[in-house]
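One chain, chain A, appears in both complexes that follow, with chain B as partner in the first and chain C in the second.
The block that comes next holds the complex of A and B.
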């Protein structure tokens, strides 16, 4: 079997395991949606007033999509950790398949999952007034940016899973940076609302950059620069995390 | 401690504290530090950075407004941990094991409540200390500050009675804590926790104003910031007393049936 077929098969296994667990699905889909509606309810009027009539949902839906991609990586880390400890990865290693297929299958399967969850989230956000106004190409670009963003966190998750000593350590080590990035992003409030000294951090945050790209690709606004910066983050993550993951895996 | 007996107040508390120690040690130190220290600090500063300026524009000093909300959030988290622990104790047979031992049954409850109180106090200490760095102050004197702590712990134990009832009915700790997260998040967010009630859309404002979490938050803010305290504190205590009566009845029922 070629590495690509093996990767596809193993990605399918991970996706099926996800789809068969109501708890994982609820956690991945329901939690971001609840957060979306709650944020809209609690902060919609305040932020709407501060941005002079800008619609909060246009900004909020993209950030929730990105949050669920980053938050989903916590599940990736825990899932991969469980696979490593339960012996299934050792079993795969004893089989006549490429060693890297196991790692690639995990990443590809969870990338597909992240895009599917993003599709569900945007569909529900549609009910709250979120719209794609840029045509089919912009929609494709939107989901491509989601995948690019998820790529960063998935590799982080597998590295953490291989380095950690317990399941709690995996989710702790991933939850903390994800929560920090969410708070310090321009997703919930415009960057000008942050204290001056924090604004550079907020601007450089991949969640802010990818969020700007998604806002541009759905409701309109600058696209090129935010997409390039998100791409730069993805390249940096690839250069640092992928070799690290492969080395730890071997 | 006398062994071989079940009754007596001495046993209830002696054994209860022993079980509390066990309950506290169940969570690893790293986990406790991350959930009870690192995360509250992130939340205080995170919300301040996010919404501080927006609310200052409305004349609210957010550094004074926010810490009680984070305290209430962590009291919920203590209660959800309690449910998680009861459900896993039931699943792995620990509750049944307690029954076969010659220890007071009430000690299991006392052990849970004492462990919850310790975790609640730790969270309150961390959040208030973080709040002080950000500009939060107890402005109404020591008795009011102690009242703040007592009301917070009382809230944690009340909610904990309710969540424990759920935890004792279930054998699936992960499902219980996932369910409780879905319940608590709306209760907390659709209250005056993060923004004042008048910042909500008009149709939901009556709910925001009259739900118990808002009552507790109003009382905590009055105890911290001064001003008239008797009214809000009485309302909050009345809510907690009512809820405690219902929740503890449910918890006792669930505890009797749990095997």
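The block that comes next holds the complex of A and C.
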């Protein structure tokens, strides 16, 4: 019971820090939005023509929402690294609170943040023509998938933060895979447009899979399979990263 | 409250190939203040980290407030307040928000945490800055907040890891007053410092540590005695002549910073020095008998000078 209270307090601290850091907020919200409009302007017509009449925004917005979640994990990694180095984590560890609540507080707080940022991104995408057509349950499912996807990258971020030797190393180690996943996903460009040998990678990319799930949940299309695949990624991340994070933390 | 203070027996800690702490033993009696004194890298922080359950021991045993560090870490954590070397507070939050957060984590309810925060902010001279973000605080204010954060809930044993490192003289003075206050309240205190004057001023007993080993232990007075009696300081011109004259008569004479010092002195030495100088027709500006400083103790025991404050002469 007290672990839950502690986690809540520490998650609240992380959210409060985020809300009080204008440049963090601007970065977390603005960058994905800039990307959204840039892609829409540059590739909109091009890709639109290649997707047999489907609207590009319907595919693009979910991917940008997911990207904002993965991109936010860079902030998680850097933030956790700063906490570790500044001594505040040592203070938490020397207090008689559950040691896991520090990790849990970080993950829960940043999960909430990821969903909030996703909501803002979705709202702006709405202005650009993105629509939910599946009813309130589908909207709920949409954000649940976003959280599931964020979960993978948040654990990756805390593991990287504990293993890295500098702040630059943390952001470097997270920025590269996040950016790669974005460009090697089926969100910007349909899978068929990639060279054949790259297509399996694009298909297995969690960003493509979760993107498919979000497309299904917002505009209609297959939902079950992509959600299951996203879930599989989340389970794999949980099995590998969570024990690793806990061990590194102890 | 618990029984014991801090007991450390043959503590050993190895990081990779480097032995950080080797066979360190000492005791802090309940209500006593012990200063763990040593230069940078001597192993002081490692000892504190072992005692506060942040890192596991590699050998020996230690107990804090009656709880074994290895066997009952939760019990240890419930008995200690730790103020680390770096101000471990949240820079984005305000001072008040920090203290409320720590209070709530330590199971105070909302109202009690707010009241305790207010009390500590006032007591530590942070009342005016209470609702400003900690990032805007001075170094001294951050340290005070850090110490306050560790005292949100009263604990029988307090660890202070280099509480004044990096502070300006005014900040250090304020910190010393706060620590003296804790001492008067009867807290058991283990304090690490590289500053001899700090240990001399705050601690009942000093454990001198260098390269991970205890090299001396005792009250400040006992340690000074180990260097051998007192020293006689002479300020007089011309210095070379004074030095020569005194060296002819006494064994251990050194010169530094315009002062000629005769070591191993007592009151008879003082009289002799006065006589010798009169014979040589030297008029002394100042002659005094004093106990050796801890710098001198350190030098005698380790063969090298201890770490120094930079930018100012901290010795009294």
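Here, the second predicted complex is superposed on the first by the 249 of 250 C-alpha atoms of A that agree within 3 Å, B and C clash if a C-alpha of one lies under 4 Å from a C-alpha of the other, contacts with A are read in each partner's own complex, and residues count from 1 in each chain.
In this section, a contact is a pair of C-beta atoms (placed from the backbone, for glycine too) under 8 Å apart; a residue touches a chain by one contact, two chains touch by 3 or more.
Quick caveat, the model's predicted, so the values are computed rather than measured.
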item: Touching partner for A:136 - first (chain B), second (chain C), both, neither; value: neither
item: Which of chain B and chain C A:86 touches, first, second, both or neither; value: second
item: Greater chain A contact set [chain C / chain B]; value: B
item: Partner chain in contact with A:20 - chain B first, chain C second, else both or neither; value: second
item: Touched partner set for A:43, first chain B, second chain C, both or neither; value: first
item: Which superposed partner A:196 touches (first chain B, second chain C, both, neither); value: neither
item: Contacts of A:6 with chain B and chain C, given as first, second, both or neither; value: second
item: Overlap of the chain B and chain C footprints on chain A, listed as residue numbers; value: none
item: Complex interface listing, chain A residues touching chain B; value: 23, 26-27, 30-31, 34-35, 38, 41-47, 50, 166, 168-169, 172, 176, 179-180, 183-184, 188-189, 193-195, 198
item: Chain C-touching residues of chain A, taken from the complex the two chains share; value: 2, 6, 9-10, 13, 16-17, 20-21, 86-88, 90-97
item: Parts of chain C lying in touch with chain A, wherever the complex brings them together; value: 49, 52-54, 74, 77-78, 80, 82, 84-93, 97, 101-102, 104-107, 133, 149-150
item: For the chain B and chain A complex, residues of the former touching the latter; value: 28, 30-31, 34, 38-39, 42, 45-47, 49-55, 57-58, 174-175, 178, 181-182, 185-186, 189-190, 194-195, 199-201, 204
